[in-house]
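Once you scroll down, you'll see the structures, which are given as structure tokens.
Next, two complexes with subunit A in common: one pairs it with subunit B, the other with subunit C.
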Partner chain A sequence: MNSILIKNITKRYKGVTALDNVSFSFEYGKIYGFLGRNGAGKSTLINIMANRIFADEGEVVIDQVSAKENMEVHEKIFCMSEVDLYDTSLKIKDQFKWISRFYDSFDIEKAFDISRKFNLDTNKRFKALSKGYQSIFKLTAALALNVPYIVFDEPVLGLDVNHRELFYDLLLKDYENNERTIIIATHLIEEIANIIEEVVLIDKGKVLLQESVDTLLGTGYCVSGPEQEVVSYCRDKNVIGNDELGNLKLAYILGEKSPLPHGSHLQITAMNLQKLFVKLTEKGGN
Partner chain B sequence: MYINPNIDKPIFIQIAEQLEDSIFTGTYPEETKIPSTNEISVLLNINPHTVLKGMNMLVDQEIIYKKRGLGMFVKEGAVIKIRQKRQNQFYDQYIATLLEEASKLQMSKEEIITLIERGYDHELNSN
Partner chain C sequence: MGKLKEAIRYECSTSFKYIWYFYAIQYAIVALIYAILSISTGSTERLGVSCLETNTFIYVGIVSILGMTEDFKMLIQNGFMRKYIFISTVSLFVFMSGIMALFDTAAGNILRHIVYGYTTLFGSIYGYDNIFISWLWLFLLYMFICVLLYLAILVIYKIGKTLSICLGVALGGTVLLITAVFQYVLSNEAVNKIIETAAKAMGFMPDGTIIYLFPVLTLLLFVVVLGIGSYAVIRRIELKS
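Coming up: the complex of A and B.
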């Protein structure tokens, strides 16, 4: 089966282990949320997948082919990243021309079409664009590339809410017509919570969990009520965090719900993806 | 259509329920086409697989069916089927919760019956 296989990847920077023996895979045809706090190792892994930097140990295998220093994989994967890797003095329309020379699968018509939708002025130079429009140019280029694996690293940085909506619309329309793997690394979790099918959560250089969003939201919940009742309900459960509001105690739980005892004053409420993320990653946070 | 991410109900079930409601109230009459997964997915910013999962629930309940190459259509008799189903769920969804709240408030059976009768009277007067 086609996939991006991350095998035992370790990457160290001067005394810091950015990725610590990380192994998992991105399957073909799904939309992934690739989540983690600042400095968790997301961008490092994305850069390794894109062959921009190399891992100290381990390898990335894309559709059964090792990715390292292999030109073949460049027609398979594209990473839109936060850093600007473009010649900033080139006009946007010329950027598109250059990209189409490097990538066989680049659809230049589509790039101009998307630019029009965003009102991106293709006669402007990259450096003359605002921060938001620089992001728009980068994601336009990525959306117009017809590769099976596409990675967006903070795609909506600096975009206003209308442009973010437009991006998600275009992404989903594109996905419907042409199913492929889309990996989105972002801090705006709630915005993508319903778009993504699966979550990969990394924390301090390790994979904390990989799960379908449905399952994850089905197993995470919050119990609130008088302290003693909450404590006794939580006795045999996996509690990932607590909050207090006077005498009211809230416990965040991951796992099966057990029925509330008779005459209980407890309340069970849903937990959204963002809350789950915060609770799972706040231990030992900054 | 509106999806509430903060309630304890999976998105695909919410989609199934909202479509069902639109069929029941006649927004999508029997033997007409309902929106495609694509349209719903883009409108609500929801993964198309999730939308499909919701639609398949209605297919399993024989409320909608797939016309090859044309899309999903409302099945003949869907409205009666939905009404039947909702009548069956009426006790669990409304009466059970009503009685639970009434017992918390220490209200008697007679008081509840009086209130229900008042509701009916009010409705008759306002019509």
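Coming up: the complex of A and C.
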């Protein structure tokens, strides 16, 4: 099966283990949310996938081909990075020209078309663009590339809400017309909650969970009410976090819902993806 | 191989126009000095400028450093592996050194006929008998500067600021140590032998003749060794955020 296979990846930086024996896979044809707190190891893993840094142990395999220093994967994966790696002195139209020479699958007409939609001035040099428009250029380049695996690392950094909406629209339309794997690493979880199909949550260099969004939202819920009743209800359940609101206690649970006891003052509400993320990474989960 | 060709094309074509900007600025400054001297002294006999090739050292040095800091990032963003990045960067060095050595050899030999007292770098060392060797020597000298600085910037990038400073101090110490060894440890005979060998490597034979092939081979050897060193380092280079 076609996929990006992350096999036992470990990466250490001067005594800090950024990734600790991480193994999972991004399957072909899905939109993933790659989530984690600052310093969780997201960018490290993306950089290893893109060959920008090397793993100390383990390997990345893309469609059965090792990704390490291998031009065979050149037309398979593209990583839009949070940091600016492009030639800052080149005009945007020239950047497109060079990317079209570097990649057979780059659709230069599509790149100019997307630029027009974002009002990106292609006659400007990269360094003359605002931070937001630099992000727009980078995501335009990624969207115009027809490779099977696209990774967006903080794609909407510096973008206003209109441009963020436009990006999500374009992304979905592109995915409808051309199914492939899209991996989005972002902190704006609620914005991508309706787009992504599956979540990979990474924390402190380890994969905390990999689950479909539907399953996660179906199994994550919040119980609120008087403390004693909440504690009693939560017994034998996977509680991933608690909050207190005056006399009320809120417990965040992952797992099967059981019916509320007769006459209880408890309330069950749905838990959104962002709250789930916060609670899982706050405590680590189990 | 098509991708490699495009990477080489990117390296060369994005640097090409700056070569001519550099020469335009350089010769504009020379013309200005010439004009000021002519007006202030009323004479054009002595321009006071020679060996303009040394300015090219600075230019090729800057391009070599940018080869790591800028082009590496651009090519790695576009999915190129380090081997391709290295080959394309060395191709840029060959392209740039070849063109600039050609221009400097031609310009130097024209200038020495029209400007009184002007000498070229090669001419001041070896004379003006062989223009092809003059170009080849200058080309290899530029290549040597390119790969030396490229290796240096790769090592600095790889080991970081603190270790680079320590390495710099160690290198400085080594130079002092070698000087001391030459002065106080080695016998006069041994020192003379080393100087004679170094002179031979530069083409100066004990009988006073000059063999142009030797400095060419010496520079070529340095370029190859430094190039191999650069490749060994770039293979392990990781992008720093």
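As a convention for this text, the second predicted complex is superposed on the first by the 283 of 286 C-alpha atoms of A that agree within 3 Å, B and C clash if a C-alpha of one lies under 4 Å from a C-alpha of the other, contacts with A are read in each partner's own complex, and residues count from 1 in each chain.
Here, contacts are C-beta pairs under 8 Å (C-beta built on N, C-alpha and C of every residue); 3 or more make two chains touch, one makes a residue touch a chain.
Note that the coordinates shown come from a computational prediction; the quantities given were computed from them, not determined experimentally.
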First (subunit B), second (subunit C), both or neither touched by A:N70: second
Touched partner set for A:N47, first subunit B, second subunit C, both or neither: second
First (subunit B), second (subunit C), both or neither touched by A:E190: first
Which superposed partner A:L260 touches (first subunit B, second subunit C, both, neither): neither
Subunit B versus subunit C as contact partner of A:L217, first or second or both or neither: first
Partner chain(s) touched by A:W98 [first = subunit B, second = subunit C, both, neither]: second
Subunit B versus subunit C as contact partner of A:V83, first or second or both or neither: second
Touching both subunit B and subunit C, residues of subunit A: none
Subunit C residues touching subunit A - in the complex, by the definition given at the top: 3, 6-7, 9-10, 14, 70-71, 73-74, 76-84, 236, 238-239, 241
Subunit C-touching residues of subunit A, taken from the complex the two chains share: 43, 47, 50-54, 69-71, 73-74, 77-78, 81, 83, 85-88, 90, 98-99, 101-103
List of subunit B residues in touch with subunit A within their complex: 3, 5-12, 37-38, 41-42, 44-50
Touching residues on subunit A, where the partner in the complex is subunit B: 31, 165, 168-169, 172-173, 175-176, 190-191, 193-197, 213-214, 217-218, 221, 268-270, 272
